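Per-chain numbering from 1; labels A, B and C assigned in written order.
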Amino acid sequence: MRNRTVILAFVSAALAGVALATTAFAEDGPIKIGIPVGLSGANSVVAPSVVQSAELAVAEINAAGGVLGRQLALEIADDASGAAGAQKAFDALVFQKEVNAVITMETSAARNAGLPIISKGDIPYIYTSFYEGKSCNANLFVNAWVPEQQVPPIVDNFIKSQGAKKFFLIGSDYAFGRGMLEFAKAYIEKSGASIVGEEYLPMEGSDWTAIISNLKSSGADAVITSTAGGAPNVTLTKQLRGAGVTIPYGNLAVDEGTAKSMGADAAGIFISASYVTSIDSDANRSFLVAMQKKFGAELRTPNDLSVPEYEGIYLYKAAVEKAGSTDTAAVLAALAEVSFVGPRGTVSMSRQHHAPLTMYLGQVNADGSVTVVDTFKGVDPGEQCPNL
Amino acid sequence: MHENRSTPARVWLLAALALAAAVVVIIGPALFDRFTLNVLTRSMIYAMLAVTVDILWGYTGILTFGQAAFFGTGAYASAMVLSHLGASPALMVLALALAIIVPVLLGAFVGWLSFGHGSTPLYATVISLVVPIVVTQLVFSGGVWTGSSSGLVGYSGLPLGLPGYFRLTGICLIVTTVVALVFTRSDAGKLLVAIRDNEARCAYLGLNPQRLKIVLTTILAGVAGIAGFLYANASGVVAPENTGFVFGTEIVIWTALGGRGTIIGPVIGAIGIDYLSAQLSGDLPFLWNLVVGALFVVMIILLPNGLAQLARMVLPRRNEEQASPSGSPTLAAEPAGNGSEAGNRVLAVSGLGKSFGSLQVLQGIDLDVHPGELVSLVGPNGAGKTTLLRCLSDGTEATTGTVTIAGQDISGMTPDEIVALGVGRKFQVASVFDSLTVADCLRMARASRNAPSLLRRSATLGLPAAATDILRSTGLDRMLLGRPVSLLSHGQKQSLELAMVVALEPKLILLDEPTAGLTKVERTTIGATLQKLTGELGFAAILVEHDLDFVRDISTRIVVLHQGKLVLDGSVDQVVNSEVVRTIYSGGAHA
Amino acid sequence: MTLLLDVVTTAAILFIVAAGLLAIFGVLKIINFAHGAWLTIGAYCAVATAGLGLNPWLALPIAFAVGAILGGITELVIVRPLYRRPLDAILATWGLGIVIGQLITLWFGRDVQFTPNLLSGTVDVFGVGYSLYRLFAVAAALVIGLAFTFLLEGTRLGLSAQAVIMNEMLARALGIDTARVRLATFMVGTGLAALAGVLLTPLTSVDPNMGVAWLIGSFMLVMVAGSSFSTLAIACLVFGGAQVLVSTFVSPIFGGITVAVLCALVLRISPKGFARA
């Protein structure tokens, strides 16, 4: 009997010791940043560049002594670019890997599926992908553009400089595709031009034949597309070019890297972005040099989806330092106030958890580089989340 | 029928296992971390689906990818109610009800589509592929109602919390598994195996396999719908991936790896693989899928019955049925059915013709058969004997003329309906259920009269005396249990099939060369049995036979068929001594 | 006019994609559910050819050879034991498809690959500018169809294959090495599938899962077509036409399931599909 008590006491002591040790370790261990991202599926084209810029940010911060003396560590998970995959990925990151924050670029489907898990786990979530807007959650901050910032440059240019009067809209049938085009539709009509067609294909769809034929017979003089990134965008562009569509073509979802690998098919496409590689600033130049140095031949072209990821990690760093800990409530309060000067200029998520940004209207050249046609400074994201 | 014995050991075993599982489920939340609980909750929902796939595929032989569609429909029905209407208790009940009703309706439609008269197993599989694809596209086209590609999120579900969901799903899984185990091991459950083994035989035992499959599909669609309801609540997300055919193939993979036809195997397969993939796929996603895929291929080729088969090979098999003293069912005499009144015609055929395109196989057949008659149908190969039997037992076969059985015109009737009129058909090649025991085969023959129990394995086997006699005289009564029919000798299978047909208590038995390939002794036994059935018990029989000596010994009447026409119909002596018959059999004349 | 061209070219593309599956199903009565994976293999052959700096057209023979060789290995190792278990063969080849998809991912990565266009630009057809490549697809479909008809009607292998289709026991009794006929047929079928993969590259993106999207459509068409290339051509025209019409006039979303749904209904009404017509 006595022996048993002794053993019990010993075991409890040992367990307590282990528990203490783990706690202590957690305090001193790295701050974990979760990156659920579409390594497979529609986003697989841009995902590697997003991971690269996150790796650079973490390497730079760690080399400079970390955050509050702690190192940063990345936990990357594949969300398969969709809701079901995101649910698994967020679950694993939040509850298995127990990350301190999620900072990532994802599809809207994945973001929506992940948000309830973020709320349950109560950690900060910085969303670094442009999206259709109006996603509001106390834990969510966005440092990329919304339709209010992106659509007007293209539409204004098409109407004023290209004389477009009849627009045709093509999208992937999901939150981003529909959300962007909904805004574009309202904005085009407000600007005095008309919509002659609006068609959607599921994200998995690959046969645009009928839609393109409708486009050609509609008499449209400009086309704006808003597909899921990656495969659908590539397929649509290939088939549009194959069918000989030459009217002004604004693509709301193409990034510079994808445009480059598409080759000749992408030439002439208009894009509206908060980042292009040709931005003339010290921050951008040193960022590009650092990327080149770190990844060499493996480098994926930095783009409008990967650069916000880089800046997002720095914004989180600033917020943790301001808050003095990784405590969620304190960090969330700080996130709305901090700012960071990055490749895209000064970014601060101060407007209802969203960020005013400088926007560039660009046109893709035959070699994949982007010529900036026009620049719009400090474009306001508008009323995204009036309740936050 | 009368179950007065003490509860068999296997029932206790099952109860103990279920109880143990329930305990694990109840205390689980105290043992596992949050992530594990979350993953296991999902895995257990998937395991419920694997059970339904196992019943359809492992037991009944219907390879289906469609359970994903029913699951997705149930999940979407719930999530749409919760998103667009709200989550009050009343609406929660509505969500559950719709999660069952919608898949059930869809399941009934899919069943009707898949299992028409004469549709092939491959066609059912084809449909099961199309259904998830269609459902997924409907989800895509549903706009804000279904959330299209984004799915639905952010609705509130049952206020249970993670431990609550874990326990709820666990209990649901245990209930599903126990019900499935009890059902598949009951007398009615053997019907599924009978359908898988030999669907034609089922139909000729008066059962309607197509209707049974439709019912099964419908019910299991409802179960999948319940799983969908649980999923929609527990996960808080429904997405198009949940309804897709790729998900359907995953369920089949879990079932196959766990071991089809075992219920427990698929449960373990689904939980094990889904749990491991959640644990491992974060670190090595491709390798993991590669391993699962490769394992699946190897398994299908080498171990079609999955890991359960491997376990059975490694562990010494304990044959509980022979070990338990109360195992062997006792043969019970059933009261003899209403024997047909002598004098009335059992069968009346007039002007029957059958052609395949321009080829006339049968023409102008007129034939009457009365109770107590043993009519032998003779004629050279290709005379149309087997075709005639087929026209008598399947109302969709004949091209012209009428066949009347017990006063009713059978045109357009399916075999099972004709069996109900009192026709039993024995095929040329013994048509039995290879993986069932002798006792279960005979029980199938009685299933259209005595609805088999959904819960129990009966301890008695009620058979008419005539069938019991056949079993006694061939020694089959000592082989009722223990091994599958596929291990019986050729002659024993023939006798078993005859006993099964007789157990139907038909007024008219059609026999296609019952003595082919039998030994002399076996022939004599069968001959004596047939004489007793007709002479003493008032059955009528039509016998197709080549052996003229055998025919002469036992027949009351002989009908000669030649080149699709009935050339002679008379007593044994008339026919045997007829010039026509001699010419035909010497191969000369054209009648 | 454009509508008509859309119908014809869509039918041609469907025909190209389904041809390999039909060759295998027609002779062997086995459904190769790894068909999608072979399309992917073919497309990645195009990627590899471009990577080596070769002429993009060379991808066609290379893909055929690679597809046929891999198909040969598959027939020997995986399909041969399953001829008597056709439903299991569906499952085993589906599993193989998963394995191939993962191997491609491990080798090439999972992102979208790009290939040089075989033919670009448009030509005027009766005053309408139409994609040159889609018109080329019609020619390619005709060549594949004719070549296959020649192979079946005009060669020893083809005649043996026909004998196997009609009555395998008899064929074996006549001294035909049915095992070799099966092997050769499977290789031709998978070679054709890989070839189709190359022909798809100008129309779609190339990624490890690209084949799955095409699998079901071709599977359904083959079920309806039975074992004849001419009925497959008819099926492609009818159902491809329906798909274009539904996509154009109803909804492109429903267009995607037109082929599958119509084929399922046709099979319900006439279980042998077009084979009897």
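Everything below uses one rule, namely that a contact is a pair of C-beta atoms (placed from the backbone, for glycine too) under 8 Å apart; a residue touches a chain by one contact, two chains touch by 3 or more.
Values in this document were obtained by computation on a predicted structure and should not be read as measured data.
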{"item": "Required minimum of steps from chain A to chain B, each step between chains that touch", "value": "1"}
{"item": "Chain nearest the overall C-alpha centroid of the shown protein atoms", "value": "C"}
{"item": "Whole-Å gap separating chain A and chain B, where each centre is the average of the chain's CA atoms", "value": "53"}
{"item": "Whole-Å gap between the CA centroids of chain B and chain C", "value": "35"}
{"item": "Multi-partner residues of chain B (each touching 2 or more other chains)", "value": "137, 140-141"}
{"item": "For chain A, residues contacting two or more additional chains", "value": "39-40, 173, 202"}
{"item": "Shared-contact residues (touching 2 or more other chains) in chain C", "value": "105, 110, 253, 256"}
{"item": "List of chain B residues in touch with chain C within their complex", "value": "63, 113, 116, 118-123, 125-127, 129-130, 133-134, 137, 140-141, 245-246, 249, 252-253, 256, 286-287, 289-290, 292-294, 296-297, 300-301, 304"}
{"item": "Chain B partner contacts - residues on chain C that touch it in the complex", "value": "78, 81-82, 85-88, 90-92, 94-99, 101-103, 105-106, 110, 212, 216, 219-220, 223, 251, 253-254, 256-257, 260-261, 263-264, 267-268, 271"}
{"item": "Chain A residues within the chain C interface of the complex", "value": "39-40, 44-45, 47-48, 173, 199-202, 204-211, 213-214, 216-217, 230-232, 234-235, 238-239, 241-244, 261-265"}
{"item": "Residues of chain A defined as touching chain B within the complex", "value": "39-40, 77-78, 82-85, 87-89, 91-92, 95-97, 108-109, 112-113, 115-116, 172-175, 178, 202-203, 228"}
{"item": "Touching residues on chain B, where the partner in the complex is chain A", "value": "33-35, 38-39, 137, 140-141, 143, 147-151, 153-154, 235-242, 278, 281-282, 285"}
